[in-house]
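In order of appearance the chains are A, B, C, D, E, F, G and H, and numbering begins at 1 in each one.
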Amino acid sequence: MKGNEAIAEAAIKAGCRYFFGYPITPQNQIPEHMAKRMPEVGGTFLQAESEVAAINMVYGASGAGARVMTSSSSPGISLKQEGISYIACAMLPCVIVNIMRSGPGLGGILPAQADYFQAVKGGGHGDYRLIVYAPASVQEAADCVMEAFEASDYYRVPALILADGMIGQMMEPVEFKPITKRKQPPKDWAATGNDGTKPRAQINSIHIEAEKMSAVCKGLQCVYDKIAAKETQYEEFMMDDADICIVAYGTTSRIVKNAVKKARELGIKAGLIRPITVWPFPSEMIAKATEKCKAFVAVEMSTGQMVEDVRLAVNGAKPVLFVGVTGGMVPTPEMVLEELQDIEEGM
Amino acid sequence: MINKLISAGFGGQGVLLLGQLVTYAGMIEDKHVSWMPSYGPEMRGGTANCNVIVSSDPVGSPVVTNADAVIALNGPSLDKFEKTVKPGGKLFINSSIVEKKAKRKDIDVYNIPASEMAIKFGNSKVTNMVMLGAYVTATAVVTKDSIMIGIKKFLGKSKAHLIALNEKAFDAGAKLVR
Amino acid sequence: MARVIIDKEACKGCGLCEIVCPKKILVLSESELNKKGYSPIEVTDMSLCNACCSCAKMCPDFVFVIEK
Amino acid sequence: MAVVFKKSNVITDVPFHYCPGCTHGIAHRIVAECIEELGMKEKAIGIAPVGCAVFAYKYFDIDMYEAAHGRAPAVATGAKRVHPENLVFTYQGDGDLASIGAAEIVHAAARGEKITAIFINNAIYGMTNGQMAPTTLIGQKTTTSPLGRDPELCGSPIRMSEMLATIDGSAYIERVSLHDVRHINKAKKAVKKAFEAQLAGKGFTMVEMLNNCPTNWGMTPVESIEWMKENMIPVFPLGVYKEVQE
Amino acid sequence: MAVVFKKSNVITDVPFHYCPGCTHGIAHRIVAECIEELGMKEKAIGIAPVGCAVFAYKYFDIDMYEAAHGRAPAVATGAKRVHPENLVFTYQGDGDLASIGAAEIVHAAARGEKITAIFINNAIYGMTNGQMAPTTLIGQKTTTSPLGRDPELCGSPIRMSEMLATIDGSAYIERVSLHDVRHINKAKKAVKKAFEAQLAGKGFTMVEMLNNCPTNWGMTPVESIEWMKENMIPVFPLGVYKEVQE
Amino acid sequence: MKGNEAIAEAAIKAGCRYFFGYPITPQNQIPEHMAKRMPEVGGTFLQAESEVAAINMVYGASGAGARVMTSSSSPGISLKQEGISYIACAMLPCVIVNIMRSGPGLGGILPAQADYFQAVKGGGHGDYRLIVYAPASVQEAADCVMEAFEASDYYRVPALILADGMIGQMMEPVEFKPITKRKQPPKDWAATGNDGTKPRAQINSIHIEAEKMSAVCKGLQCVYDKIAAKETQYEEFMMDDADICIVAYGTTSRIVKNAVKKARELGIKAGLIRPITVWPFPSEMIAKATEKCKAFVAVEMSTGQMVEDVRLAVNGAKPVLFVGVTGGMVPTPEMVLEELQDIEEGM
Amino acid sequence: MARVIIDKEACKGCGLCEIVCPKKILVLSESELNKKGYSPIEVTDMSLCNACCSCAKMCPDFVFVIEK
Amino acid sequence: MINKLISAGFGGQGVLLLGQLVTYAGMIEDKHVSWMPSYGPEMRGGTANCNVIVSSDPVGSPVVTNADAVIALNGPSLDKFEKTVKPGGKLFINSSIVEKKAKRKDIDVYNIPASEMAIKFGNSKVTNMVMLGAYVTATAVVTKDSIMIGIKKFLGKSKAHLIALNEKAFDAGAKLVR
């Protein structure tokens, strides 16, 4: 199955019955799959007139109490930033998928990881966060989507699937596991029409008084702290005895795994920490690794974005190096290996 | 066992489907597989290509750097990917429209007049099938049977009448390398 | 007398010129393939051409230059 | 003695923040009364815009959203698709609906989205203090057309009702005015018709209401009512622009 | 012997990347010849869209922009305001102009922006591989309307020429078709008229061209031409929708 | 003069003759001033139909060779992200003003500094940067605008004025200094109509091949490196003998100055580093300060954004603390003082 | 007989009811100010009121309750 | 010398202009000044206010925390800002529409029936001028002359006929505190 299809099907399996999107390569198989499947499961697929409209339809459907998803790729995600900020402030759950292509600008349609900052620091205005999953395989993409719906409903924080174009376009076998349900609070805040038996819904993101707005921001912050404490996910690979710790996510991490294996063959003790959630970022784990590792390397398909989070986690304890390619180029195990050899020599 | 293929050509020549058929056949044969296009088909013209891995172990990186085989359906693909074939690997060229010859001496080169053969069969769209027949036969990565299951699935009911044509094209390619 | 000059490498074998030529003298090659893998257009009988330019106006790819 | 007029139960007790004499309040009353009279209070969902009516979600005693500027039709679409049996309406200003939200309203109409847009045309941006709107009249002075709107520089007022009436998906479109009681009564009838058409599943519906903005027109409320009648109606003729039967 | 037809000098030598039989190429030729014949090559500025024509900036041998999806009219506005004496045109697909860029085209018209939009209506999203466009016909199958466009779910095709003609700022609007030579000749006349109206400062101008997309319609080029004629013209009647005299 | 008016007038003084904007509080005096003044100086003011249109009009006018500006406030800036990314990739100079209000969502119209991440890390997609000025007074706002035009033209990188709402709304006297002109390269890339005497203009941000796009990204990176080396600006206040270094920008820095003075009265040796450019960020200066200072405090009107850049600069050498209020609240000198006293006690 | 009940604190003194009252019995107070600082509306002669509700329909702020 | 004022009331009562006139007068008198509204006037109703600083030294923070004076044109403003007046500072209340009394005992409180007086002058819009007259006279932060220059400038030519009315209102306020 293609990654994009797996993402779409996983959403349906997770109970998503509303999808609003606008075509853009390389994520078109998501809306296309939805167009086919939604009528079959009694859901609604609607092609919006734009990404701006799509994200605001998500606002509408989520506010109405539904599980809802939208997907796009880099330029389209930029257009959604205002809407995402609104959704974050109104505390509406939803899942947003970004199958990243190369940028800036119209760029190219080849894979990239250059929207990391936008995803984890907040591309929109104001103090908010998204729960950001960065799957590294088609299987994991499906798993993350299911979890994203559960987590998003649970915390009332929008979730983002941040996948490079390779994850979206790749075909790999995938198995849809039964969803791990959380005990969800009732959506009594949703707009459904009000018969007077509960307070009426007021889905809203305006708070004109500083005291009120500040309280809203602090409330959000509390939720974010909870998420940071409970939802951080990562994978360790050959970290037990690693001298050099590589940090990489998404497809890049798979290339790095190959490099780590080759490095081990050459006697270089490399290991990998792979963030599965990039926000919350596995800073603690990385900080812990500074006790044993002598150097850190961030590998990304960007000119250097996640590396900042690695630096913040390492906090000066050890050197942090960066290997990156961008613009649709894909790093090779050889590039990574070379860097590892340089470090090994320097040590 | 791990086998890495790059299938490349103009958008519209069916290079992505070719790769998908190999992937699907691999899955049928219970192997680990990955298929990755160099891009979604947003653009016509230009060079489209996909990376296919069929392996007995879980696939690490889906990106092919040292290819066991490259299939080049047009000139630009040959220019771009000849160097990617690993020493001892195989290179399949659609000699109908690729004028240049391969330069590498450390690999096996197969010149297949696939477009011409396809036109002879009355449908230039099966060019990729001729190449696929040659590739599968020369490498034995997967079996013809598995490929045919895939072809049937991809054509579906509405195009079931094309199965025979595709098989004919496949066989013609196969014959050239046997 | 008219002359139709065809840039075979530019032709994509779509056949649109074929349907608009009033003299029906344009046909897609049955034997040839250009470098892009298309069967290019050919003139069967140049002497019939009236230089009406229909082919050139319908061709999306500037395959034709027409002289008279 | 019987009560012949009182506040609709679809209006909350929160006092309106509108300026003295601003007809936004009248528009609110009309919408609320129509909801009440149609017996749809428990089924109504409203979408407030960004504009002076941004706090409309506080005033209507029904489930409400506050949407991003111009995007109320998209939000309404999301809500309506989830609750197709509900009465869903947007309440939008001319900046909101005709300028930044032009694509959203056009496509809500094109999709035949079964919602109602209450379109408050006051020929100006009220909330942000008097900038030019797409509906600002030729020669009208605003903070961003200080010499008066010049059609050479920035075109002529856009007539949304006429434009949206060309779209197949629109089912009921009428332009009304709130400058006197007779027209206010008409406006109410228009809103009710639009709601009914929505509930009958006919398609997209809109009532464009000519409104005043005494504050940013720089007039007293009474002057503004006169100005509305004299200047706006000729440019925005009243009437039904679309009515799909069946 | 004299040359009676050759490539316009406003077209570069870069081969078009369009699919075989795609009428985008014909539209390019028409625009280029009009520019050449009006003697405006040195004064022309074109804006390519995002859509199959994204590389149009490589094909026209004049100063060109590549704009963000749907925003060509805004980019053209920026360019035209800086160079009011130049001939500025956008070249946009139906997804670009009628969907994501609906607000931009409506407001370019409303401002009476002195630009020309060449609007390529092929009833589909070509570049992204065949999704539904706002102009997709009822019942037409696309990758995002796999069962055929259902008006209940997503409305009916939008007719941009009719809609934009209601706007005061539009000066010349015509819908043409590229399905045969006679209509192609007409299309060229329309473009020339639009350019002339722009240069005369009359306002916003647009030529909507019915085009094919054999690839995503799933047809041979020849079949697609027939389909266009049979199916598109009844839904999108050809003709002049606006012509401001003076 | 109001900050907003000073910003608008400074742009005109800097030769800006095109302005495209859309109303939003609290920056409306910028378009309103432009509406009045542009006709007087032979320029063009146009109210766009939206922020999305406005930024694309900027793309058009800048591509045509003009000095051009747009302004907005937080939600409107979010809507401009796609366009900004395009402008960055096409290397078009322009000045964008963000008079920040509180967010996320519609938020409030009171001042905030919560769009810092968006401004300096890239709110849009892809690897790009803006030159970001963060003035702390009306006078400086005017000065920064003038400089922004010069720097933007020089590097062909868009410049952003990142001002909290207070800077925009405040009235202070301002003097328009003559602009410091740079030797500008000719705008021979601009679309003006082409008579064949130079290569034709192709204003563009699509590069479909990875090699090409990657080269474009690398080219941008080179320019960004140059800017980082040459354009970083900051102010030091009582840093000579400071034990505690506060980092703050914009209006917040003025409040901090009051706090520093009060701290000194209490015998606490506090000092301030005030970034004037927040990208490039004065990391080097802060790193140098780690040699003498015992602790760092970032003060912001956000839940903690610039503090990350301070942490990256300090790189673990010394503790970095954070004082922030958000949602339209303004920090008081007392709050900052309290933090300083806490640190002093801890030392 | 009709009765007009006025919520003076809700009144913003806009005068719109004044112009639509057919009986001209509504006037803005010349002496009073409500808590919002507005001169509220007053009825000069209740006995003339015909309960037509024009005032209530024109008033943007729900100042009136009308009984008959 | 540094003098910090908060002027507060409903949007539409002219509290921002009041502050601007003080600022402008300060500038005329060669002082350092800053004026900062709590928000741009996006919203009507609710409470608008501005912070004004007039100082002989450059202004640090434009935010007023310990106000030398507060002018409260309506009830909510009194509730909100009474506590902000520094001990020994001055509080001016528009007693026409503010029912509550000030609670603080450590400050000078001036109850000015400004709205009533303005209405007496035939224009409720000059309420702020009455308050301004009282404030300027009681504090002597700036002179009446400087204020009048500002008023003339703000009214401009088109509204020059209103200068006299504004002065009358100012003087009436002044008289109450003299």
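Just so it is clear, a residue touches a chain if its C-beta (ideal position, glycine included) is under 8 Å from a C-beta of that chain, and two chains touch if they have at least 3 such contacts.
All values reported here derive from a predicted model rather than from experimental measurement.
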| item | value |
| --- | --- |
| Furthest chain, CA centroid comparison against chain F | C |
| Chain pair that, of all pairs, has the most C-beta pairs in contact | A-F |
| Mean-CA-position distance for chain E and chain C (Å) | 26 |
| Chain C and chain G: spacing of chain centres that average the CA atoms, whole Å | 84 |
| Between chain G and chain A, distance of the C-alpha-averaged centres to the nearest whole Å | 59 |
| Between chain G and chain H, centroid-to-centroid distance (C-alpha), Å | 33 |
| Overlap residues in chain A, where contacts from two or more other chains coincide | 25, 28, 44, 46, 49-50, 52, 75, 82, 86, 106, 108-110, 205-206, 208, 330 |
| Per-residue multi-chain contacts in chain B, two or more chains | 39-43, 46 |
| Junction residues of chain E - those touching two or more other chains | 15, 18-19, 50, 54, 66, 68, 99-100, 102-103, 106-107, 110-111, 127-129, 134, 154 |
| In the complex with chain H, residue positions of chain G that touch it | 33-37, 39 |
| Partner chain F, residues of chain A touching it in the complex | 52, 74-79, 81-82, 85-86, 88-90, 100, 102-110, 112, 114-115, 117-118, 121-128, 205-218, 220-221, 302-303, 305, 308, 311-312, 314-317, 325-330 |
| Complex interface listing, chain E residues touching chain A | 50, 54, 66, 68-70, 95, 99-100, 102, 125, 127-129, 131-132, 134, 143-147, 153-154 |
| Residues of chain B defined as touching chain A within the complex | 20, 23, 27, 32-43, 59-63, 65 |
| Residues on chain A engaged by chain B in the complex (per definition of touch) | 25-26, 28, 108-110, 165-166, 168-173, 251, 254-255, 257-258, 261, 330, 332-334 |
